[in-house]
Amino acid sequence: MAVSSSLLTSSLQGSMVTPKTLKCCTEFKCNPSNLSFQQSRHTKSMHLTHLGLLPSRKLSIWEQTDRFSSKDRIQCRAFEVENAPSFSVGKKFHLDDIIEAQQFDRDTLSAIFEVAHEMEKIEKNSTGSQILKGYLMATLFYEPSTRTRLSFESAMKRLGGEVLTTENAREFSSAAKGETLEDTIRTVEGYSDIIVMRHFESGAARRAAATASIPVINAGDGPGQHPSQALLDVYTIEREVGKLDGIKVGLVGDLANGRTVRSLAYLLTRYQDVKIYFVSPDVVKMKDDIKAFLTSKGVEWEESADLMEVASKCDVVYQTRIQKERFGERIDLYEAARGKYIVDQDVLDVMQKHAVVMHPLPRLDEITVDVDRDPRAAYFRQAKNGLYIRMALLKLLLVGW
Amino acid sequence: MAVSSSLLTSSLQGSMVTPKTLKCCTEFKCNPSNLSFQQSRHTKSMHLTHLGLLPSRKLSIWEQTDRFSSKDRIQCRAFEVENAPSFSVGKKFHLDDIIEAQQFDRDTLSAIFEVAHEMEKIEKNSTGSQILKGYLMATLFYEPSTRTRLSFESAMKRLGGEVLTTENAREFSSAAKGETLEDTIRTVEGYSDIIVMRHFESGAARRAAATASIPVINAGDGPGQHPSQALLDVYTIEREVGKLDGIKVGLVGDLANGRTVRSLAYLLTRYQDVKIYFVSPDVVKMKDDIKAFLTSKGVEWEESADLMEVASKCDVVYQTRIQKERFGERIDLYEAARGKYIVDQDVLDVMQKHAVVMHPLPRLDEITVDVDRDPRAAYFRQAKNGLYIRMALLKLLLVGW
Amino acid sequence: MAVSSSLLTSSLQGSMVTPKTLKCCTEFKCNPSNLSFQQSRHTKSMHLTHLGLLPSRKLSIWEQTDRFSSKDRIQCRAFEVENAPSFSVGKKFHLDDIIEAQQFDRDTLSAIFEVAHEMEKIEKNSTGSQILKGYLMATLFYEPSTRTRLSFESAMKRLGGEVLTTENAREFSSAAKGETLEDTIRTVEGYSDIIVMRHFESGAARRAAATASIPVINAGDGPGQHPSQALLDVYTIEREVGKLDGIKVGLVGDLANGRTVRSLAYLLTRYQDVKIYFVSPDVVKMKDDIKAFLTSKGVEWEESADLMEVASKCDVVYQTRIQKERFGERIDLYEAARGKYIVDQDVLDVMQKHAVVMHPLPRLDEITVDVDRDPRAAYFRQAKNGLYIRMALLKLLLVGW
């Protein structure tokens, strides 16, 4: 959702929250039936929305002389505000949307992880399992991603919420029907309380959030972001290794195309004394933007061709799949790359006892099946953590802390 | 559903309801396990159904000498009755199925709108939000229509009901499996309490309703009917303009192929002193059947090529999309037609302050995006009204008034 | 699920249950966070699972000196046990998975049918309708089967449970993503409490059950098994005819390819004095393996080309569809086969009054539509019985007897 409603809340409550920019202001009269007065999910204060306003002008306050009848026109003012996905009040954080890994600072991460950890303890038919009763989540998938969809839907249902599903969202924008993403969002927000969107286009989630008056979670937008995956990766490291500061992480495999390793590298800059090792075939090396960013943030990194040596030093060996679909017709390059760094029993043998192997899944043969039986194989627990992180995000966006 | 069960109810209760025709009568003996004794959703009285009877003979009464054991055969009589989708008892209406816009008279419309208006006020986790708890709706879609499906599913879930979804209903009648619509309905009615069906063939909904012993809602059958859309259109006019008698409506765009404008024109004949303006490119003009029908009902109408003049007079400018898929290879004709009548700021400028712009959505560019910010742009509120209308229909069909 | 957890339960409880084999034993130390301590669904006793163990070694017991901190390693032992889908304790049965018709003996069938019969009586919003509240079923369909899917989902929801749906499970193992069935199962079991799987490959359900730590129901695996269909067929015979011992059943149509008739023939060997008649075109005759099995179990059978004579003798005429898709390009053979044995009014005329016609559905024209009106046409009741059987299975697997 756009921050507008929160801004109004602020102005009504005198809170200290200040949105970045307040660009312009329109005045108009309107039919009261066009205005909707809703209680904020976060602060329990009331705010006003107007269905006829452009998303970026959604904030409106009003002047009225007395109790209006349905015939009266009301004097309204609309402010245009910049979109800021999340901001903090006091010690806690307001999450309006989940758009990208970059939106989370260290304190937000820590607070989300605390909620995720509580989620692990929720039992069937307990009060906790009903905190989202009456809420409706729309999963709006423009491309199939069954794993991610089921994880979000399970999270919602584990908290007593309900789900509207479509894996066929492309139909909205199909050749024959062809509506804009913005129009689709304004329709779907009428049916639900939160939108989880998967899209094939980078930036789509941000556009959706700018339009929607309800929270939007980016469940992957093309080569762009997949923030809940980034969160579950960091959460898993904390749960498995017990710390994040001072951690040594080996990122292995397709570092050029894998958005998970890029996001993970990004989020690790939030912690101190982190050391990152890049281990990848030449054709899919980590790109310079991330390396430069890590350096600018004081995170030590090095590239290595020796998986065994890296594995022996690291707390986390984060393996990834070489993505065949990125190689087009160069199957020869793909075949050369995919076999180069395999996590197998030999790698386990040099790893420290407390270290873990992670993988965003699905895996092909970049981790051999015999590794599964080792307690340090953390990837299925990691997938399960995705459930807890998503439960936490849904709770935070819908009912707050 | 067929009216049979209501008829039985009537005969048992001595109510004044009389179905149109009672064609014939068969007598047979049957195994008691073939009979099912159910409480009517509408009247709380009991009625009898028999799984082995043809749909049109579903009504049966029985004679028995005493408490039957499972070994006895029971003497049954089956009556064949004409299907009549809805009929009234006293001041209120029994809705058995929602098949076509024509089934609603003015009083029924008014009563449905009253319920829809109540639906707008239902709050999360209130008693009202649970009135369909325990009910199961099957959305049986033979072609995808994500917008309509999500709207119905949201409506059901907002009232505490549950949903079985398929967008893949064509599989039932696929080449390999190939069963009739009637057989599919008799299977699906065993799994659910109400069927919402989208089909590619005109008349399919009526066939389904004639077969089913549970209510059927037509969510669009090919070029045929889409009655919940027609209802939400009329409801939106009433909510936005505040009246229906004396209304002036401009129907713009594809009037030849658009079933929404045809149904809307039809329903407007239920009101007094209505004036309709048709504004459309020549290739997609309103067909003569509707014009003749309007005339026969005393509704004034005229065709106009001047959108600006019509817009300045009307309470409602109802814009529609020119449907490219209807033009086949004549892309030239399509391109000529689609650009001809656009609702933009200039049109808004001549419209009256109380008037509104409506559109069944999705839109392409027949309404420019800058119109969205005007409070008179009612199309997203119209989409939202679809939710309330569908909540009302589900409530009325499942638990009555 | 693998039986391992039950074994542990046994050893902890001192119960008399003894699994077939206990192959080997490993000792290792592990991080306590890798262990999960869960209450058994069946016996309410606690058991231990370890996420890092191979499925076939999932059982583990542990030694510890005192209350462990999160830093300690725990001494574990893993046992490899043979997979045995179900076994009995006292008078009742533990169902761990539903994999194949063969897993049910006469007592188990009888006990399941008793539960199914109770399910018929569950009323909306009664306590019974909420016994699976808080449970989540994943329907993992690698090929579409809308009829079967809706039946299972209806069953789950009728008992208050929730559903995660995918008809797109092939995406997990698609060319680009390509994970093994085992990996998919280990991901999906993290999201749900029970998996209902449809797969295109014979044996897939058994592999899934060997991997999963939660119950798996086979909803059809290719040409292999479809055990809930087999159960509902036998249940329907008992409900319709009132007995199973001494029953005379005519199996008609495609006996070579129809897995339903093969499973039904198999299950009928559980009963006494059964007589089976095979009536089928030559190209799709019942195969020798089933005939030999029937003979070995003392079940009388004969082949006949005279449907009328068989129909006059039988309690059940079980008609099946000739499956066009099995004939490839030999449409001529298909056409010859499909018209040969039709159940119509003439067949009904020679059938006994208490006998019934069954069919697994969908039907084409192998039963004429006029048969539907006869009370002895049991096929739609049979489909409905599928709901009750599936409700019973879900209840038994999730909350026990």
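All chains are identified by letter, namely A, B and C, in their written order; residue positions are counted from 1 within each chain.
The rule is simple: a contact is a pair of C-beta atoms (placed from the backbone, for glycine too) under 8 Å apart; a residue touches a chain by one contact, two chains touch by 3 or more.
Molecules present, by chain and UniProt name: A, B, C = aspartate carbamoyltransferase.
Since this is a predicted model, take the numbers as computed values, not measurements.
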Cα-superposition angle relating the copies subunit B and subunit A, to nearest 5°: 120
Chain copies touching (subunit B, subunit C) - same or different residues, decided at half shared: different
Chain centre separation (subunit B, subunit C; CA means) in Å: 39
Residue list for subunit A, restricted to those that touch at least two other chains: 165
Parts of subunit B lying in touch with subunit C, wherever the complex brings them together: 28-31, 33-34, 50-54, 57, 70-71, 73, 133-136, 138, 162, 164-166, 168-169, 171-172, 175-180, 183-184, 186-188, 190-192
Contact footprint of subunit A on subunit B as seen in their complex: 124-125, 129, 144-147, 149-151, 153-154, 157-158, 165, 167, 239-240, 242, 323-325, 353-354, 361-364, 372-377, 380-381, 383-384, 387
